[in-house]
Amino acid sequence: DTKLKMVLNWKYQGPQGFFFVAQDKGYFKAEGLDVTIDQGDGSAAAVPKVASGAYDIGFGDLNALIEFAAKKPEEAPVAVYVMFNRPPFTVAVKADSPIKTPKDFEGKTLGGAANDGALKLFPALCKSAKIDCGKVNITNMAPNLREQMLMRGQVDGVFGYVNTIRFSAKLIGVKDDQIRYINYGDYGMDLYSNAIIVSKKLIKENPEAVKGFLRALNKGVIDSLKDPKASVASVATREPLIKSDVELERFDATVKDEMNHPEIARIGLGSVDPARLKTSIDILVEANGLPRTPTPAEIFDPAFLPPAADLPKKLF
Amino acid sequence: MTSGTNVVLIERQPEPSSGEAVPPSHVDSYVELERTTVTYGRAPNLVHALSETNLRIAKGDFVALVGPSGCGKSTILKMVGGILRASSGFVYVAGREVGAEPVRIGMAFQNPTMLPWLSIRDNVMMPLKIVPPFRGQYRKKRKGEFRDRVEALLAQVGLKGFGDKHPWQLSGGMLQRASLCRALVHDPQLLLLDEPFGALDQFTREELWSIMQQLWMTRRPTVLLVTHDLREAGYLANRICVMSARPGRIVDDRVFDAPRPRNLAMTYEPDFVAMTQRLRELIVEARSDEPAVA
Amino acid sequence: MTSGTNVVLIERQPEPSSGEAVPPSHVDSYVELERTTVTYGRAPNLVHALSETNLRIAKGDFVALVGPSGCGKSTILKMVGGILRASSGFVYVAGREVGAEPVRIGMAFQNPTMLPWLSIRDNVMMPLKIVPPFRGQYRKKRKGEFRDRVEALLAQVGLKGFGDKHPWQLSGGMLQRASLCRALVHDPQLLLLDEPFGALDQFTREELWSIMQQLWMTRRPTVLLVTHDLREAGYLANRICVMSARPGRIVDDRVFDAPRPRNLAMTYEPDFVAMTQRLRELIVEARSDEPAVA
Amino acid sequence: MNSNVNRKIASAVLIVGLFAVWEVLCLAFGVSDTVLPRPSQIFVTLWQRFPALWPHTLQTLYTTMLGFVLGVGIGVLIGVLIGWSKLAYDVAYPLLVGFSSVPKVAVVPIFVLYFGAGTVPAVLTALIMSIFPVVVNVATGLATTEPELEDVMKTLRATKFDILWNVGLPRAMPYFFASLKVAVTLAFVGSVISETVASNRGIGNVMMIASASFDVPLVFAGLFILAALGIILYGVFSLIESRITGWAHRKTEFAMG
Amino acid sequence: MNSNVNRKIASAVLIVGLFAVWEVLCLAFGVSDTVLPRPSQIFVTLWQRFPALWPHTLQTLYTTMLGFVLGVGIGVLIGVLIGWSKLAYDVAYPLLVGFSSVPKVAVVPIFVLYFGAGTVPAVLTALIMSIFPVVVNVATGLATTEPELEDVMKTLRATKFDILWNVGLPRAMPYFFASLKVAVTLAFVGSVISETVASNRGIGNVMMIASASFDVPLVFAGLFILAALGIILYGVFSLIESRITGWAHRKTEFAMG
């Protein structure tokens, strides 16, 4: 068997059932793969972990990958299967906040984890929404403080993923209608989000394993979409401490809000639209002042995807 | 030196070993041990250091305590000094239970434990920092009057110029003298001296005897002196108590009232030599297993 | 006790204070100090403890070192023991520079520093653990032969049954005796004793003298004894060196070859008393500021 | 004896009282359990989730103890070396101090990279966090040994190692045990931090998962488990200490234990 | 004197050598700077970014020192209390040990929620991390004071406070200084951890931002600054220590500094 080490985007959560279903049903095994799956500590953090060789495969943020590839082209991993293809990036404010549009951020204090995807894309948002980033105060905070600091008024808005914030808020007892979201997608930032990324080394040395992995994963995705309950259950067997009902909700919301882009009906889940990817790269390069502009081919390699016919075209 | 001092020896009966304290009429008990027993440790490693010891010392008296090694002399001193509690029985100082009395005590330990982080001067000055009435004046006077007082005392015992040194920079005998200074510096009313001259050569020792005698004659503190030197006991004390081997009791108690000031020549007179000879014999008896009761 | 021992006093010239060592012909120098100077501390707080001292001790000799307090006696012992380095000059033991010699040394310090975490028995046993040839056997024998040896030694100095106690559970005199045992336990070839009987009552002290004498007569170690007790020096030693006040030098050096075994009665004989009297005078001279040169 | 029992009771009452105050304050000020859960909630969580928590507890205990034991061993070695050689002192101390001033959380990723997530980085982190207090205290204990205690050994021509073994180390024992108490708490912190960065098991992992799902009572249950483990180990060391360094604790005035 | 200078040179050479080895190993094994940057890269980063790093350095130094000073003060008080009263010992020790076994990163959020992000939580975290080593060492120092030293004071009928002030505390000084060295490194760790949890200034914040933008040399530059600050403060304490506890360091066999 080929041994593969994979790192997740975060601690065990419902949507990761995609991977565990594939593992539990022996899809990896059937491809001759022995996959170890470790928890991660952030979608962006998965990128250097794969780049450095600590892991062969990661479930990480495509935008972080673009930034990394711009800075260190030789080491950068490559995305091979995009799972979350809608931009989940948002700034959440209290429902009664005077902030209505990005323009209102000026002079206010926003907070977010330093490696949060939305925070890192904030300069890009500033550009496309034509506001002056320099007039916004940024406070860094641990992700688990985000919603509470918002509700206590210690910051005026917080960066994050819509679903993450929504579920966190729910878990701390904040109702959905107490929070309003200013989504990046509404301001011309149609970016991709989390993808399966693999190291260049693995691609070079064992392309078949990558293909096999994606085949197996794709089956896992399809099974999970059919039976989300079983999918979350396979996460729960690994960590009985998670709350299955909440994670099931999270699974559904992830599928609806983060994976369900209109383009998948056309190209299937996992693949990308090269034009859209190109736009994303340009936005990022300009916003973050990156040293160079990676080509879409550097970022995403469709060569390992299962046949387009096998990719899910409809998620629910 | 004047010779021919009158050496008068009065043998007194030791207090009954049953433990019933019969206070000698002339003693008004500035220090009093009443059926005091001291045991160290716990069973089965219990050590009986003192057993039902009685001792009364009049105010202003000068008492020497002699006895074989390990008999409990230091134990008695520590108890009177308030460092040790009796396992049973009572210890009174100035009519009150030990610890509660408003008496200035000066103690020179068998081992001259000086605080290593302080200079000799600061070590000697410590009682002035702690004991009223000096305590209140310490901040003001420690650089002036008190310092002079300490320097004078150090000079008297031959340690002039050693005030700035630290304890480990002194020889054994020098440390012992510094320790004596610490015991004397605050003009104590009760002096407890545990072999204060043990590590000194004969001549230095005799000089300090004379200083001690003078101090006693002028300030009249009550003194309890532990010593192994019977000449020293005879020269300095008015009364000599002999202790038995452990568990210690007082087996002989004799008044020795040669006139003061005494001098060294006296110690070579036949009567004096006879007395020390007698004490020697008592100690030898005391060393034997059966406690010798005179 | 046999009386009428022959007390023979031979006065020897002290070695010239210029420091030029003139070895007495009969001395083949088991221990040798050659123009040894010791200073403590740094300028300006420099203390001159010894100044160009010369001393030669023959193998198997028993030398007593007497002198006023603070004159440098302990300093000499520590140097010979290898604890202290001379600031200038040389110290040889068994013909080699100190520290390198293959000689078993036993030392009893002025302060009986026992390791507080060990029982008295283990403290006394320490030399057997360290010094060859016992070292190699320690693991095997420490519970059998060595232990018996220590117990026997403790019993001899009157500490039977105290082997299990910890140092702080002993009286001052008892500790000193334990410390003596530690100095003797490994059958040393060179014995350095710093007032080993200082804290003991006269009788215990005399008992130990007799034990010391016997030990010396049978095993013939080379002994250097520091003491303030001139009777002790006379009773035990073959040769008595008198030191001047600090900075110390040896100002008098006399052989005292009364026949062995000596007994206590000898110490009361007129010749003996005269000798101690003479030593006293020498020490008194030595204490004065101007070093007395005989 | 009796006063001893009384004291234990009084102390237990006081500690329980403290928890009661915490409980009451939380209730009085209506503190949300996502900020600071009440002790009662924490204990209920502990009780209910115990079967799920137990394997994580064992894992953390295992990595911590392994790292701690190794760290203490290395710490003693370095401490002795620093006490022994001035050169080692000059070289090792700055490096150690510098390294200790750095949050270990920044170093864990490097371990993960070379050893993978899981047990090894946790052990290593526990290890490196235990070293420094031990080094400092052992070195200080050796350096402050009274020279008089060593003099006996010197006259016996003992080797430096003999002196170290028979005088230096025993004398440094009270320092050593003091450092153990600090080191063991740091070892727990270390392994847990490593577990929060990368691992699939252990209390640190539980706490991350719990905090990701805002199950703050579960986070605190994890903290309580850590605290309990720390206290238990501390108790064990205290017992050993009182056997070994009884000689140093013979005073009665400021008496411990 | 001269050997002293030689030693300092030797130690400097050794330390520089260590960095050289690190550099060479990284080059030899082609370690990526996203994993472990080479010292040369780190120093270049330090040099180039110094103007930007300096205000953060000051911020961290400020919060750390404030927390450290307060923490040491509180630590001494608790240590004395624990040394003094058996009840305090029984109550405070378990609580302290338990609290210290808990990663402070789990507690910082509570501070942040009550005091806002920034200086206050950083100071508080530095404070609570400094306390424990000081408590343990001061309490041990007091508990192991030789009773003989106190006997003099007792015959003088000194109050317990007199004894504490004149004997207990001076005797505990070597222990205290040992604990300071540990406490100051922990204080740095504490304030930096707090800065990584929530803040907009300080080295911890720099490191978070740097690691989010994969600028690992900058992360290590931050670590080097922390290490340097730790070493400087350690040096200051060593100086003070050698003045105050010279009496305890009079031996020559295992000599420190």
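By written order: A, B, C, D and E. Residues from 1 in each chain.
In this text, contacts are C-beta pairs under 8 Å (C-beta built on N, C-alpha and C of every residue); 3 or more make two chains touch, one makes a residue touch a chain.
Since we're looking at a predicted model, the values are computed, not measured.
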### Task
Name, by label, each chain that touches both members of the pair chain C and chain E.
B, D
### Message
When contacts are scored as defined above, which chain pair ends up with more C-beta pairs, A-E or C-D?
### Response
A-E
### Query
Centre to centre, by mean C-alpha position, how many angstrom separate chain D and chain E?
16
### Query
Using CA atom averages as chain centres, what separation in Å is found between chain C and chain D?
50
### Query
What whole-Å value do you get for the distance between chain A and chain C if each is reduced to the mean of its CA atoms?
85
### Query
What whole-Å value do you get for the distance between chain B and chain D if each is reduced to the mean of its CA atoms?
50
### Query
Where in chain E do residues touch two or more other chains at once?
35, 109, 113, 146-148, 196, 245, 248, 250
### Summary
Multi-partner residues in chain A (2 or more other chains touched) are 52, 144, 148
### Message
Please output the residue numbers of chain B that touch at least 2 other chains, ranges allowed.
### Response
111, 168
## Note on the structure
Every touching pair of chains is listed here as A-D, A-E, B-C, B-E, C-D, D-E
### Query
For the complex, which residues does chain E have touching chain A?
32, 34-35, 108-109, 112-113, 116-118, 196-200, 205, 208-209, 211-214, 216
### Message
Touching residues of chain E toward chain D in the complex: what are they?
### Response
7-8, 10-11, 14-15, 18, 35-36, 82-84, 86-87, 89-91, 93-95, 97-106, 109-110, 113, 132-133, 136-137, 139-140, 142-147, 150, 160, 163-164, 168, 174-175, 177-178, 181-182, 184-186, 188-189, 192-193, 196, 204, 207, 219, 223, 226-231, 234, 245, 248-257
### Summary
The answer for chain A against chain E in the complex is residues 44, 47-48, 51-52, 67-68, 71-72, 75, 111, 113-116, 119-120, 137-142, 144-145, 148-149, 152, 154, 288
### Task
Note which residues of chain C are touching chain D in the complex, please.
78, 81-83, 99, 105-107, 109, 111, 113, 115-118, 126-127, 129-131, 166, 168, 182, 186, 192
### Query
Residues of chain C touching chain B in their complex?
40-41, 45, 47, 66-70, 74, 110-111, 158, 164, 169-174, 177, 194-195, 198-205, 228-230, 280, 283-284, 287
